[in-house]
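Structures are listed in the sections that come next.
Below, chain A partners chain B and then partners chain C, in two separate complexes.
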Partner chain A sequence: MKSRTSLPAVFLAPPLAILAVLAFVPTAYAIYISFRDRELSRPDGSFVGLQNYLDLFSDRRFINAVGVSLTWEVLTVTLTLLVAIALGILLFEFASSRMRGVMTLLFLVPVILPRVSAAFVWKFAFHPLYGIVTYPYKAITGQPLDLLSSPATALMTVALVDVWQWGLFFAVIVLKLLETLPPQPFEAARLDHARPWEVYAYVALPMLKAPLISLAFIKMIESLRAFDLIYVMTRGGPGIATETLDMYAFSQGFIESGRISYASGMAVLMMLATTVIFTVIWKRVKP
Partner chain B sequence: MAHIVCSHVDKAYGAVNVIKDFNLEIDDHEFVVFLGPSGCGKSTLLRMIAGLEDISGGEVSIAGRTVNDLEPRDRGVAMVFQNYALYPHMTIYDNIAFGLKRMKVDKAEIDSRIKTVAATLGLEPYLSRKPTELSGGQQQRVAIARAMIKTPRVFLFDEPLSNLDAKLRNHMRVEIARLHQNLKTTTIYVTHDQLEAMTLADRIVLMKGGAIEQVGTPAEIYERPRTLFVAGFIGTPNMNILDVTARSDGQDWLLEGDGLRFRVDRNRFALKEGHAYTLGVRPSSLSAAPLQDNRENTLAGITDLVEFHGDSALVSFLVGGKEIGALVPASSRPKTGAPVAFSTSVESLHLFDRSTGLSMLRMESQA
Partner chain C sequence: MTSVKTLVSSIAYACLLSSAVSSIALAAECSGTIRVLAQPREGLTLLENYKDEFATLSGGASFEIDYLNENDRRAKTKADASTIGKYNVYYIDEANVALFASAGWVSPLMDYYPEEYDYADFDPGRQKVATYDGKVWFAPLTGGGDLLVYRKDLLEAAGVKPPTTLDEMKEVVKKLHQPDKGIYGIALRGQRGSGANVWRWMPYFKGFGGEWFDGDTPKFNSEAAVKATETYLELFKYSAPGTQTGGWDESVGAFTSGQVAMLVESTPLVGMAIDPKSSQVAGKVGYLPPPTPLTGGGYGHGLAIGTKANADDASKACAGLFIAWATSKENEQRRLEANQFSELNRTSIMTSETFAKLYGPDLGQALADTGKVTAVNFWQSPLWPDLGDRWGIILEELIAGSRTDIKDGLNELEGFAKDLVARNQ
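Coming up: the complex of A and B.
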């Protein structure tokens, strides 16, 4: 429909202008400098074509970071959804409405906590000497347990904190989704010889397929932004065991060598990959 | 096959008792209808028998086995819900097959049983569709198919036709009646629609406020309502209700009210001299009488309103300030404003105690 006034344009122009400055300009500039060899220590740089991108593929630290990022995505998204569905169903099945209210409040606390705070709290909880989580192990075996310093357990430990924040929050959403479902199909299923787990597996969860897929997508996007959590808890360590792509790009660009063009190349690749992968998955699962 | 016994069944939500001391035996193959206004506890009772609600007190047994603590799936019952309660994400085939799959019936048998049931209910063209692609009547047929295929001992229907339009409702009612004729499965059917109850039931259980008001065949309930509530609930148009006082003239009872006088046999009603009663007479048992003042067993007045029903017409007029309706053949309906008089046979009069609402009909004459 053709608008008779210019009012929509008047209202839309300022936010779009701000968006352009804040999002499109840096993005475009990142793409631009990813084709140059600019470094933070030097004011100039020259056009190098795809050299930065070609270098990335022979950079073993970059390949490692891709692996860590993928593992992080799969781990946190899967665990978050599993925890959310399990807790949501438990609450729905066993908790009285009063109990549900209390648990909902408690489950919302972790996600309200700023992630940096959560990271510090848990980093201390996992401390090999003073941590409350590792205390029982130390008390029983006499050995300190340093989960965050072992390459085998570090990523998983950080992932647990992420799941603690988001799994509990999503459990509240799953509970609320279950509460919106009409009860009759469940009752029909109970009369249809379905055991309680079968009622959920075959009736309740399939009825919630669309919102659960949306939740998975939200978590996938959210997991991409876990920089602060990982940065505080491990700084990508031990070694490069928890170094995700954004962490590696950050350290290449600002911490270690100031190779801002190289880091931009990484960022551009990440943007392309996520856009492509998300589009493909979105088209696939759309009913 | 199964007979059902409810003995001293109670249901309480907190301090509120919604079912009080409910006792009923339902014979094998019987079609029993729980009828009553909304909130009378009929659906709750059905859900207790199904196992969807806890039984607060008393005992329910199906086929000689107490089922109070059994899971719904172990009671051998199948239920059809008012809003169909189909599984929205499954095809019609999977909806019907769901119960059998859970019972680990093998695939070939499920397939052949679904074919049979689908043929009975005319569902073959829709088996691969989703519930939302079907009309209300078709969805309810799927729900019935889903209940039927398990060959349950007891069918439970919870207002299955309430969501359908009037024409479809009549059609499905006939289908349910035919189904019961063929399968002969013990059935409990909950409804607030007296027409459904009258046409389908072997016996009607009329409920009010969580207790049984009357149990009987449709004819018994219609012809000999035990209370004023039953009399008012059953029959369309509604029974005419008039206040009268009883007086004996030595030979008969004279029932006198504002602008009317009825003479009834002493053997028919057990009345007390000077006591207040409520007189009930159905619009269909009133027939046109000659206009004449002060005749006994006659109601006369000025036509107030004429409702045309097709074959018949409902004539409304006032007697002593109370509106009376009489059904007359449409061809002989009076015009508005015309004086009318209607008489009735003494046999079609109902008398209820004004305070208790109980019928005053003598026991011996009830047989």
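Coming up: the complex of A and C.
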């Protein structure tokens, strides 16, 4: 149906124009300088074609960062959804209305905390000498537990903090989604002697497929921006064990080298890969 | 929120007697806000109590200091200085002074530093690290070398003497390492970074005769580097938990909380270790120069004039006046009276009666002795942060065990160094 007034366009045009400038100008500039050899300390720089992109594929830190980023995505998205669904169902099944209210409030607290603050709190909590999380292990075994210093456990440990923030928040959303479902299908399933887990596995969750997929996409996009959490907790270490693509790009651009063209090349590749992968997944799983 | 003003100022030269600074100062006509990007220092916090004094001295200017921790401060100053140049004064250090100076991000300090503030009074070692290419670029806020800081009570209980050589230190560290009693032999830095793990590794490297470059040719891939790394990794077996990926904070925190027998660290540690407010081991601490053949890691941090934000000479002069005032004898005397040991840089203050009364003759002697072995351990080049940070990553991998071949790591660094030099020629 055709709009009878141009008012929506009048109101939409300015913010859309601002958004377009904010989004496209930096993107276009990043693409432009990725074909140059610009460094922070040298404002000149010349056109180098695809050299930055070719160099990336022989850079072991870049290859490692791709692997770490993929692992991070899979870990955080999967664990967040599993925790959210499990807690959401538990609250829906066992908690009274009053208890649900209290738990909802508590579950929202982690995600309200600024990421940097949360990262500092957890970094201290995981400290092998003073940390509250590692204290029971130290008390029982007499040995300190240094989870953030081991390449085998560091990424998983940081991922747990991410899941703590987002899994609890998503659990509240899952609970609210379950509360919106009509009771009849549940009653019908129970009349057919479905066990509790079967009610959720075969009735409730399929009914929530669309919003759960949306939640998964939101988390996938959010997980791409893990920089603050990783930067505070491990700075990409030990070694390069938790160095994600955004972390490595920032290191190359601002911490170590000032190679902003090289860092932009990484950012452009990351943007392309994200766009392609997300489009493919979206097309395949679209409810 | 205070609105951010660009420093618009002019300076009119006339002689006035300034009672506040006890010397004849040039009266300045500065206005607006001098914006400073720094890392947290007690001395700077103290300075903020005297904004009125600076306003009077400068003819009306104020100042605002934004604080970021060391690594973030380095990244942010680099990003700001190379792009928008919002800050009039940058906190820079020995590791990046060459980069900032050669890129033109900071201006030569002495062109705008009022003579009567007596730059020559700063500790000679700190003046040395503030100088690059024959010019002085910053006025020191902190600096020094290394000291071996140890727990006198633990050594006495074990019946051992404080070590004066590296071999002795290794023996004592092993002897005092008792994790079941919550005491670890040593605390090192494992966190990657030219100013973190590499900083603590370099005294071994230089002590064993290592050199970074000969002209543009890398020389560091040597027996000295292998031996230094082996020694560092060996000592890490006795380092407190948390230091494997930790920096200064973790090492010093472990020591001041009473869990470490000894460590070789930058001199400000002493100020923290002997202060009961920040240390559980105050009164039990001894200090000596680093054990032979370790060199002390000479360093200095200070304030420099940002080039971009100070577009004209008048603005640079105001920034220079602020730096001179902030690091003046009068302000350093205030820091001494506030017991801010690590913020002292002037010879006149460190040889004063008040200093001797506060810290005793032992510390004065230890500082004098360590000055003799303090050296510039890093490669004095604009490319140093890049090279140092890359070695920091490889070294952290070796410490964490995700790589084990030291020679392979050095070969990788040599390849990186050759590319780095070639890229910048």
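In this section, the second predicted complex is superposed on the first by the 273 of 287 C-alpha atoms of A that agree within 3 Å, B and C clash if a C-alpha of one lies under 4 Å from a C-alpha of the other, contacts with A are read in each partner's own complex, and residues count from 1 in each chain.
Note that contacts are C-beta pairs under 8 Å (C-beta built on N, C-alpha and C of every residue); 3 or more make two chains touch, one makes a residue touch a chain.
Small disclaimer: the values here were computed from a predicted structure and weren't measured.
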Requested in this report: Pick one for A:Pro151: touches chain B only (first), chain C only (second), both, or neither.
Outcome: second
Requested in this report: Using the touch definition from the top, say if A:Arg190 reaches chain B (first), chain C (second), both or neither.
Outcome: first
Requested in this report: Would you check which partner chain A:Pro238 touches, where first means chain B only, second means chain C only, and both and neither mean what they say?
Outcome: second
Query raised in the report: Comparing chain C with chain B, which touches more residues belonging to chain A?
Result: C
Requested in this report: Considering only touches as defined above, state whether A:Pro211 meets chain B (first), chain C (second), both or neither.
Outcome: neither
Query raised in the report: Between chain B (first) and chain C (second), which does A:Ser41 come into contact with in this model arrangement: first, second, both, or neither?
Result: second
Report task. Across the two complexes, find the residues of chain A that touch chain B and also touch chain C. Result -> none
Query - Touching residues on chain C, where the partner in the complex is chain A - result: 71, 74-76, 78-79, 82-83, 99, 102-103, 105, 179-180, 190-192, 240-242, 244-245, 254, 257, 259, 382, 385-386, 389-390, 393-394, 396-397, 399-403, 423
Query raised in the report: Where on chain A does chain B make contact in their complex?
Result: 182, 184-185, 187-195, 198, 202-203, 206-207, 209
Requested in this report: Please name which positions on chain A make contact with chain C in the complex.
Outcome: 37, 40-43, 61, 127-130, 142-144, 146, 148-151, 154, 234-241, 250-251, 254-258
Requested in this report: Note which residues of chain B are touching chain A in the complex, please.
Outcome: 50-52, 71-73, 77-79, 81, 83-90, 98-99, 102-103, 143, 146, 150
